[in-house]
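Across the two complexes that follow, chain A remains constant while its partner is chain B and subsequently chain C.
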Partner chain A sequence: MGYSSSLIQRKFRDIVGRRYESVLKEYSEFLLTEEEVLVPEVRSILVPLDFFVHDITDEAIDVLSAYDATISLAYITDAGVVELLERALNQSSTEEFRAKKEEYGRRLLDRTAAKLKEHGFSTQTRMFVGHKGDDVVQMAKNHDMVALCRRYADGESTDVSISPIVLRICQRVETPALIY
Partner chain B sequence: MKILVLIDGSKWSQKAALHAIELAKRKDAEVVLFSVLDIKEAKAMAFNFCAQSGICDQLKDYEGRIWKDMHDSIEDDQNSILSRYRGEEIRCSSKIVEGRIRDEVLREANSGEYGLVVMGAFGRSGKTRISTLFEEIGGAVRPPLLVVR
Partner chain C sequence: METVALIAIAVFLFTYALIVDERIHRAVAAMLGAAIVVFIGIVPWEALLEYIDFGTIFLLLGMMIIVNTARGSGLFEYIAIRTAKLAKGSPIRVLVLFALVTAVVSAFLDNVTTVLLLTPMLLYIAKVMKLNPIPFLVTEIFASNVGGAATLIGDPPNIMIASSAGITFNEFLIHLGPIMVIDMAILLLMMYLIYGRSMKVSPEKRQEMVRTLNGLDERAAIVDRSLFNKSVAVIGFVVLLFFVHNRIGEILHFILPFVDPAMGLEPAEVALIGAAIILFWSRQSPEEIFEKIEWPALFFFGGLFVIVGALVETGIIANIATVMVENVGSTGEAMFIVAWFAAIASAIVDNIPLTAAMIPLIHDLGATMDVYPLWWSLALGACLGGNGTAIGASANVVVIGIAEREGVGISFVDFLKIGMLVLFVTVAVGLGILWLKFAV
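On to the complex of A and B.
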């Protein structure tokens, strides 16, 4: 018996038949369809990194290893900060900041990619200046899952246990999200 | 690995369970379907229904019936998920507790038994907004948290 048929039998006994179709249409937000029962394959996973993400935890790697997926590591330097520096400081100071960030980002990407390769993952890396929330949501459209550190894009706040940007990304992405 | 799946009766939590079980198959992991029932929900539903319908003399009766229905319904949801995988070699069990949802979920999730917690992105209110529970527990759950859509 299919999932929907089983659900009709159990919870919608009184509206079996044509009326169920109209209920299914009108209340589709609340009813699992046969198509939705199928768990989509996860072939590519986006893992955003930044200054506040120091590592992918072993626990997260253990979960990700369940998928036969390529990991895309993306290091994003905050465009807002770069723009602010460009307005407040001179060009060379901004370039110096950017170069330092990129040097840090490159080291983090290399270190993380090496760790993932040790666990058998194939990886690709990307680094750019952008908007952490919006760009992750945009990039997630080309991946099957996104894995986010709780502290991603967190600034210096220590009083919250999950970054507001992570919450916002989770609200907007269409893929499953692993928070570690 | 042991995987905790939060089941609240919504289709999103059912999707989360299906995803978790597929993941468990690959990891040879154990799955626990976990639900929390809060008597305050039954009280609120009974009160609002009886007040709107002008039958407040039957308030206690309705509360009892709603509370029983909540138990039956969540048991039914859990059993229907388990029955899908009957015959397959999957270690999957269910657990229903009573109490405040956030507190009970955190107590279970942070007990040290679990390597992953899985939940639906939305709750019983549908896709209107992201699950309130996710906002409440997202930062307090210690194991990795998988939010399924």
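On to the complex of A and C.
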């Protein structure tokens, strides 16, 4: 640091004292950081669905419509539940459960895809038996964003809290996550 | 020359050298110098109370209380965001609007606080536009010094001159206001000619900036809506009171007949009344507000007054005045010398200590000539002289200091080149107008 530069810094310290730090703190409350200014490029969005997600909200669609992206809808039936039922019930009951689940899942996927198409989105659908947390984290690696319903993998609770699985997914994915 | 006079000169030069170098805090340097001249009896207690200009100190104190209370409401951040949005993505408009806002706010409130709160916003805008922030920052510095020169309360040299010479707020507005409007127009033209070409941005960048700035919510900057409204009201009232401070008795007499119509209020009284009102009305914790007062600055002023007082006590200022009177032929010549000496010396020493030393000299010149025009020459030179170098005025140091902390280097020499150009043009224009007014 040259003499003039250190002179300016000495004078700055004496004139301003600690006021600059507090000014910066005040500005940081409402000025976007450099990272926030950059609009991420989002080409594909993963939207996981399950028995507890009944719909995709209009507010979520509004946000997603800001991106020109393809939406991948994935209906996941929990592998643990299927395994438990296989052990507890006979073959035909398990098959009946699977068929009903698949029928429900297919209807939900078709309904959601139709709603998204109405808003101009192109969609892909997929249905499988797997792990609701791990599989979403894995699939998110091939997408630019994940949109999660707060009830995903939660149950039929009536409170407004966010499902623990959703929170865990948000902690683990590297892509931006939207909770609706 | 007597030993005490030599000691007074040595203390003065040593203290000013310490202030310029700033290895020791300026307030400590001034207090140390004052302590020496008091300790060896050059300035006795009775004289010390006379030399310390309480008009200046109380005016600064009152305005610091008002500004620090208002700051908590988010008023300055609100102004910064509104100004940024008004520019509509045009870099030139950003430069002009911020310069105008800085000049106007600096004219009525403390320059340091003004630039301290506007500079982060300018750096942010420059970053969004991916433009070199230096043109915006140097224009802000010049605008702050030019705007501050327009009013009695705009810049410490003006406060010191007004308090010592008994000049009113309106006299400042009449004599320096129009000059500063012209200087401001010239300054903007100069900045446009120097930097205009480097400020072209593509329509996409402009759109990006508009989008980013529109995303900022100025209402979010308002931390306390009630305090915000009260701050605006009190600042407005104080500014109004400054306009009529010397005729307040005439106005009050209509409502309160027992008030003497000849009564006037000193600017310091106006500031302290405003401070009392805002503290009472806003219900802010006085402890918190008083903690934010820049006490080092006030002690710096106090120390300077005593050190300069030592020069007066020992007859040095009177001797310099005598030499000056013997060699100066007319008021116009005196105006010329005072303005240019103040301008160039301010750029080197900092305009506050320079003004502190010049005021008693001009008082002494008053024995043989009309010094009224000289006060304006001093105000003009001291305020605009601050533009000359990076250390010429506090606003320069604050803006350049912030820029450096944010990774934007403005070298001393680069600033000197443009600062000296601005200094010479603005002082020459201002002095020309004053000369036509008082010396022709």
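To be clear about the criterion, the second predicted complex is superposed on the first by the 136 of 180 C-alpha atoms of A that agree within 3 Å, B and C clash if a C-alpha of one lies under 4 Å from a C-alpha of the other, contacts with A are read in each partner's own complex, and residues count from 1 in each chain.
As a working rule, contacts are C-beta pairs under 8 Å (C-beta built on N, C-alpha and C of every residue); 3 or more make two chains touch, one makes a residue touch a chain.
As the structure is a prediction and not an experimental result, all values here were calculated from the model.
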Original post:
Which partner does A:29 contact after superposing on A: first (chain B), second (chain C), both, neither?
Top reply: both
Original post:
Counting residues of chain A in contact, which comes out ahead: chain B or chain C?
Top reply: B
Original post:
Counting only touches as set out at the top, which of chain B and chain C does A:19 meet: first, second, both, neither?
Top reply: second
Original post:
In the superposed view, which residues of chain A touch chain B and also chain C?
Top reply: 7, 10-11, 29-32, 37
**OP:** Could you please specify the touching residues of chain B with respect to chain A in the complex?
**Re:** 1, 10-11, 14-15, 18-19, 22-23, 26-27, 73, 76, 80, 84, 115-116, 121, 124, 126-127, 129-130, 134-135, 138-140, 143-149
Subject >> Residues of chain A touching chain C in the complex >> reply: 4-5, 7-17, 19-20, 23-24, 26-27, 29-32, 34, 37
Subject >> Touching residues on chain A, where the partner in the complex is chain B >> reply: 3, 6-7, 10-11, 29-32, 36-37, 39, 57, 59-60, 62-63, 65-67, 150, 160-162, 166-167, 170-171, 173-180
Original post:
Across the complex, what residues on chain C touch chain A?
Top reply: 21-23, 25-27, 74, 77, 81, 112, 116-117, 120-121, 124, 127-128, 212, 215-217, 220-221, 223, 292, 294, 296-297, 390-391, 394, 397-398, 400-402, 404-405, 409, 411-412
